[in-house]
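Below you'll find a set of structures to go through.
In what comes next, chain A is part of two complexes: it sits with chain B in the first one and with chain C in the second one.
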Partner chain A sequence: MKPKYLYIDDENPDALKSIVNGFNDVGEIEVELVDLSKLRDFESLKQYICEQNPDGLILDLRLDGDGQNRLSFPATTFAQDLRTLAVSGDVKFFPLILCSTSPKMRATYDVDKTSHDLFDYKFEKSDTPEWKKFSIKLKSIANSYKWLNERKRTVEEILNREDWQQFDSRIFEKFIDKEQDLKVNDIAQFVIKELFNHPGILIKERTVAARLGVDIDASGNGWNRLKKEFLEDCMYNGAFGNGWERWWFDRIASKFQSISKGEKLQNLNASQRVEILSKLGFTLISAKPIEPYCKSSEFWTVCEYYKTPLDPLEGFKIYESTELKPWQEPKFLSFSAELERKGRDRGLRPHPSELQNVKDLKEMLSK
Partner chain B sequence: MTVPKKIMIFRRQRAKELKRFADKLETYIGSGISTKLYDGINQLENSSYIPFYRDENGNCVNTDVNYWGYSIDDIKLDINADRHLKPKEINKAEAYLSINLVSDFRNWKNVKDPFCELSFNVTIKGIKPKSAEGVHYFGFHLDRHHESQDSDEIHPTYHLQYNLNPKNNKDFDYGETLNIDSPRFLHYPMDLILGLSYLIANFQPLSYSKLIEDREVKNLIRDYQDSIWKPYSFTISNHWQNDGSAIEWNKTAICPFLV
Partner chain C sequence: MSNDRLIELKNKLASELQKENSDNGIILSLSNEIARLDEKQIRFSVDAGIINRLGKELVGRHETAVSELVKNSYDADATEVRLTFENAWQKGGRLIIEDNGLGMTREQLINGFMRLSSSDKIHNPISPRYKRTRAGRKGIGRFATQRLGQTLTIVTQTENSDTAIRITIDWNTFETDKDLASIANNIEIVPKIKDEGTDLFIDNLREGWSDAMIKRVYRYTSDLLQPFPLSKKRKDEEKSKIDPGFNSSYHRKDNNEEYKIIDEEEAFLNHALAEIEGYVMEDGQGCWALKSERLSFPQDVFLIGKNKENSNSKFDFIQGVHFKCYYFIYESTLLPKQSLGLIREVANEKGGIRLYRNGFRVLPYGERGNDWIGLDASVRKRVILPPHGNVNFFGFVEIEDRDIENFEETSSREGLIESPAFYELTDFIFKSITSAVTKIAELRNKKSNTSTPKEKRESPTEKVNNAINKMQGVFGDSITSEAENDTEGKSEYSSQKEKFDEALNDLIEGRAEEEKEKQELINELNMMRILAGLGLVIGEFVHEIKNYFPGIHAETNFLRNALKDYKEGIERVDNLEKNVKSLTTYSSYFDEAISRNVLRELEPIELRDVVNSFEEVIQNNLERTRISFEKPVFEGFDLYTIPMHPSEWASILFNFFTNSKKAIRRAGVAGRVFIRCGREEGKVYLEFSDNGDGIPKEKEEVIFNAFYTTSSAAGRSASEIDSLTGTGLGLKIVSDIIESYNGNVYVTTPHDGYTTTLRVEVPETKID
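After this line comes the complex of A and B, so read on.
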């Protein structure tokens, strides 16, 4: 059965049809707009949601904006109350999804970090929304919540991996601490925001390609074959895994070592890595440094703007709104992207500690 | 094979010390440097992990529960740009430490060789953005010579060697440099705590001066010097019987790392 999300937004219902239809047309989840004309106050809306018992809730950030069905409270206040109800056991935990237009998101949500752990996912109401992508994620979140609500799950079950204790013990210490009674939304937050959204023990496809030295775009089917035939068992298939394609890096590293006569990825450049992979019969093109400023092909990350391989030594750490844990790796911007101030509209900018390095490099290259 | 409780208590104590050091590194160095140390911590705490070592015939085995150790790859340390990097215009450099250490539990804190295997390998990588090649390397390693290895050359048990071409690039351009198997410089042994402190002192002197002011770090380093350097130094100094002369040479001038 498709997970059912209720959608709360103060805008004119006619204007919201495109969003509701956007999701329903994809068919992964069912979205129903809540009729706010009869549910204007906090308590009656809350009661309605509890009675409906949805698989998830989509909330517009500024419910107290200037829409036709304007409410007197923002999404964060409402979400906070629902979370409190769930913690006290009055309702089950269900996913809370935030949506807003990009300027509103930046102006309010991005600034107020206290509300970030209320929502499991946020999407922007843009002119060309990626309904398919959003739907897959929302479906995965709802299904994983349901699975987590059934009974208390172990770390092994959540990750679908038995040997998790080999990782930095700080990563999962809150799961071991019996005093910390982790709730379903805590687990969701941890997996999606701490494990998926930062490179670390799990990495994204493009980072996998960078570490294997492969140019994804140029390799085409060769890359797809490599993923399917060689890397399949390195893919994360634990909770929320259907919504986010992530890969266990330790498995990729040892898999590579098993075919490289013990040579480790980090000691080879892109063409050497690809040469070894090609011996397995895959047609792959090795990635090249981002021209004209990058020189190293000992790739380990990607430029967050170009999404192409980058040696972190040649990149600049980007500013991130949350402080990284020691076991999370920073994300980087290449000098080419920074020079042209690419990605500023998406909030990509160098970390303040890198500004002097950017300046020094500019000066050196201008001599 | 499972390591007996008595040895596990010893190993967990070493793991605890590494954890403490890792936390301090996160405070004074940052950049997630501590997470790699947890690879070693996990190996120490894992009662079914026995490190590989070479027996007297040079065969690699991991059958003796008395042997403990760790193996960690690529601990990354930024190098301060003012470390006189050459060629000119190298604007950024990083050092990568890979360490493999094996020790016999029974030898610890005795006047015996504290280790049976040590490979302390440092590769330094720098980028020269204006050149075509762009990437430059340098390396050095501190190794323990194994009894089973025959050699005509002189081999101090613990020796340090430089390597101009750590990537073993066959087409390496030696330019105006000359490369031979550099002498095996006599060097005291270093575990992860002493070794990383040594690299930090050399590559991030400001961070080192803060690190070494930390009381817990100081105690930790002192304890490891006691376990590793004391037996080494006592053994060498024992070559000469002390005739009762006052020792007037400043020891910390000879070895500024002593705490």
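After this line comes the complex of A and C, so read on.
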């Protein structure tokens, strides 16, 4: 059965109906718009949601905006209350999804960090929303919540990996600490935000390609074959795994080593890495440094603006709203992107600790 | 027996007919009696009591009775009718109705007025002279007079007769049991009392008349009313076929004291919020004047020029033109309740600005649905907000004889040829009226902000003007005579006077220049205000529009899926998607330029940032116009401007880009634009190049002037955006922005491979 999400938004219902259609046409989840014309106040809306018992809830950020069904409270307030109810055991935990237009998201949500761990996922009502991508994620979140709600799950079950104890012990310490009674939403936060959203023990496709020295866009089908035939068993398939394609880097590294006669990825440049992979019969194009200021092809990460491979030595750590955990790797902005000031309008900028480096580089290049 | 009687009657009739002064009454009654003895045929006869009965049944109320009589005057092509209620507070008074209509001939009187159920109005539903659709109900008039008073005297004369006819009817003689035909009424030939027209004297009024009743009569005739003020009338001209209008006035006369109860002025024009007048002087200088008692604004005259930016620029064709109109805003705070409905009702039908040539109306200008000045169109555009539709005015324009060569009628005689003169005329009126209503809105605002109307304070302008006036009087006669007695004093005096005069002249000159400059600034400011207001509105719209895009995307996705086996369907979806994409790009343009930046503070801006976001936003536009945006070149890092507003750079670049597109289109080349930025001597610069048709050397400086434009002026029919983009304010805005930051913008030597390069320089901010 498809997970059912209720959708609360104060905008014009005609426009919203089409958004609901956008989800329902994909067919992964079922979305139902809540008729706010009869549920004007906090309590009756809350009561309605609890009665409906949905598999998830999508909330527009500015419910108190200027839509035609304007409510008197923002989504964050409402979400906070639902979470409190769930923690006290009055209702079950269900996913809370936030949506908004991007300027509003930036103006209201991004600056208020206290509400960030309320939501499991946020998507932008952009001009062309990626319905399929969002649907898959929302479906995965709802199903994983359901699975986590059934009974207490072990780390092993959550990650679907027996040897998890080989990793940095700090990563899972809150699972080991019996005093911390982890709730379903805490686990969701941990997996999605700490494991998925930052490179670390799990990495995403573009980072995988960077570390393998491959130019994804140029390699096309060759890359797809590699993913399927070589990387398949390195994929993460634990909780929430259906919604996010992530790979265990330790597995990729050791697999590579097994075909490279012991050469480690980090000691090779892109073309050397690709050459080794090509021997397995994959047609791959090696990635090039980002013009005009990057020269190295010892790629390890991606530039957050161009999304292409980058040697971290030729990039600046970017500023992020949450502090990195010791076992998380930073994200980078390439020299080229920073010097041409790309990505500023998306909020990409060097971490304050990098500013002197930026200045030094500019001075060097100006000479 | 009957035979004997018949013979007797015939004899009597014969002898009466023989008499030199035979009595028509006797002849009629004998003939009737003879006819009644007819054995083979019988006839209807009419009892005199029918008049009374019909009067009661056909004319319900006294007010409608009078209004019917006024309508009869209208139907007789009168242009004016005057009603006087003499000692009419109680019954027994007198009502006089005087008009200047066509009057009646003896035949018309006998066959029309005196013949019951006459068919004139049925046969002739249109009046002969002015082709009016007749308003009076058929055959009601005489019963109306009977209903109103006991006796009626009619004095009527036509244009072509030398004398007038007077008949007197005593309605009391129409008693039951008398034969209607037998009642005789006196008719006399009397000297004419006017050129043409009919006067009714209704005596022994059957009821008393209050002012309220009289005003009600006025309102009952509202569909005839045309409250158009005419500055003068001419009798000597050939009679025009075009209806000059119809005015009625109601008076009361109590024991020789006469006063007005109501007329057009009282009912309409006195309630006007303002009177707007305009004229063009002999030298072509246009002026408009505004007067409003309601807003405590004594008449004041303002200059208006042919060119928008110069109020002293002269009109070429329309010297001597004059217009006047009364301005109404239909708000209950501005009009008495009982008048509001009437005025608006009449304005709906007849409001607008009429055109008179040599005192005669030219059609169809000012007719219902004719928007020759463009007022209704302008209201729809909403650039000017105060109400100024045709319905808000009763007014007229006069053009004179000698303008005939400038104003030729079309061959079909349906209006004037739309010559440059005609265009200038409508333009002059349009500008004057819109300036005036804007001024009125300003005055109203001031007033509404304070509970009590403030006493009008002397403005700085007036203060200076008054001071100049006073100074001109300083060396008056008294000093002159004293000084003349003393030769030494005289020379001292004259040198002082010389110096003084010189200084005074400088002052007056400077004053005039200042006035001119001020007016230019006001014009510019007004335009800026309009643009600023629009910006806010657009911001709102963009916000609204953006809510729909995700949904549109969802629905096109659905269609794409549903139509995947239908080739043509998929092509349509592709088209749809492409079009929607353009739409989203433009909305993000507005988003970028306006909504997101509205509240931001000034900050140092790196030129790369503005160029990057500009490039992103115009991507779609570039594809569509096939203009290539060459990779920008930045020389040096940290090209920070002094603190500026991000949206200002959006304006600057979009302005440049818009001009480039036009230049490229004119040149008909494969377009290229190129941006280069760098720093030089404490300033950062941005150079914007294109390969369009270039800017002639002599135009390099004027392009930054306000209202300079290469596009032709937007006509009245242009859309709002057209009329704003064509204003030539684009580069003026750019240069204003840049100059306000102590920067420079100018045309510089084009880069290799380009024809035009504009360069912006602003002070740099050094960032550590």
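Everything below uses one rule, namely that the second predicted complex is superposed on the first by the 367 of 367 C-alpha atoms of A that agree within 3 Å, B and C clash if a C-alpha of one lies under 4 Å from a C-alpha of the other, contacts with A are read in each partner's own complex, and residues count from 1 in each chain.
Note that in this section contacts are C-beta pairs under 8 Å (C-beta built on N, C-alpha and C of every residue); 3 or more make two chains touch, one makes a residue touch a chain.
Just so it is clear, the structure is predicted and the values come from calculations on it, not from any experiment.
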Report task. Return first, second, both or neither, reflecting whether A:L33 touches chain B, chain C, both chains, or no partner chain. Result -> neither
Query raised in the report: Of the two partner chains, chain B (first) and chain C (second), which one does A:C50 touch, if any: first, second, both, or neither?
Result: neither
Query raised in the report: Touching A:M364, do we find chain B (first), chain C (second), both, or neither?
Result: first
Query raised in the report: In the superposed arrangement, does A:V91 touch chain B (first), chain C (second), both or neither?
Result: neither
Requested in this report: Applying the touch criterion given at the start, work out whether A:T101 contacts chain B, chain C, both or neither, answering first, second, both or neither.
Outcome: second
Query raised in the report: Looking at the overlay, what does A:Q165 touch: chain B (first), chain C (second), both, or neither?
Result: first
Report task. Figure out whether A:L16 sits in contact with chain B (first) or chain C (second), or with both, or with neither. Result -> second
**Report entry** Which superposed partner A:P326 touches (first chain B, second chain C, both, neither)
**Finding:** first
Query raised in the report: If you stack the two complexes on chain A, which partner ends up touching A:V155: first (chain B), second (chain C), both, or neither?
Result: neither
Query raised in the report: Taking the two structures together, which residues of chain A meet both chain B and chain C?
Result: 365
Report task. Mind listing the chain A positions that touch chain B in their complex? Result -> 165-170, 264, 266-267, 289, 293-296, 298, 311, 313-314, 324, 326-330, 335, 357, 360-361, 364-365
Query raised in the report: Which residues of chain A touch chain C in the complex?
Result: 11-12, 14-19, 21-23, 25, 67, 101, 103, 125-129, 131, 339-342, 344-345, 359, 362, 365-366
Report summary line: So, in the complex, the side of chain B touching chain A is made of residues 26, 31-35, 38, 41-42, 46, 73-74, 81, 89, 91-94, 96, 125, 127-135, 167
**Report entry** Parts of chain C lying in touch with chain A, wherever the complex brings them together
**Finding:** 546-555, 557-558, 561, 584, 588, 591, 595-596, 606, 608-609, 612-613, 616, 634, 636-638, 768
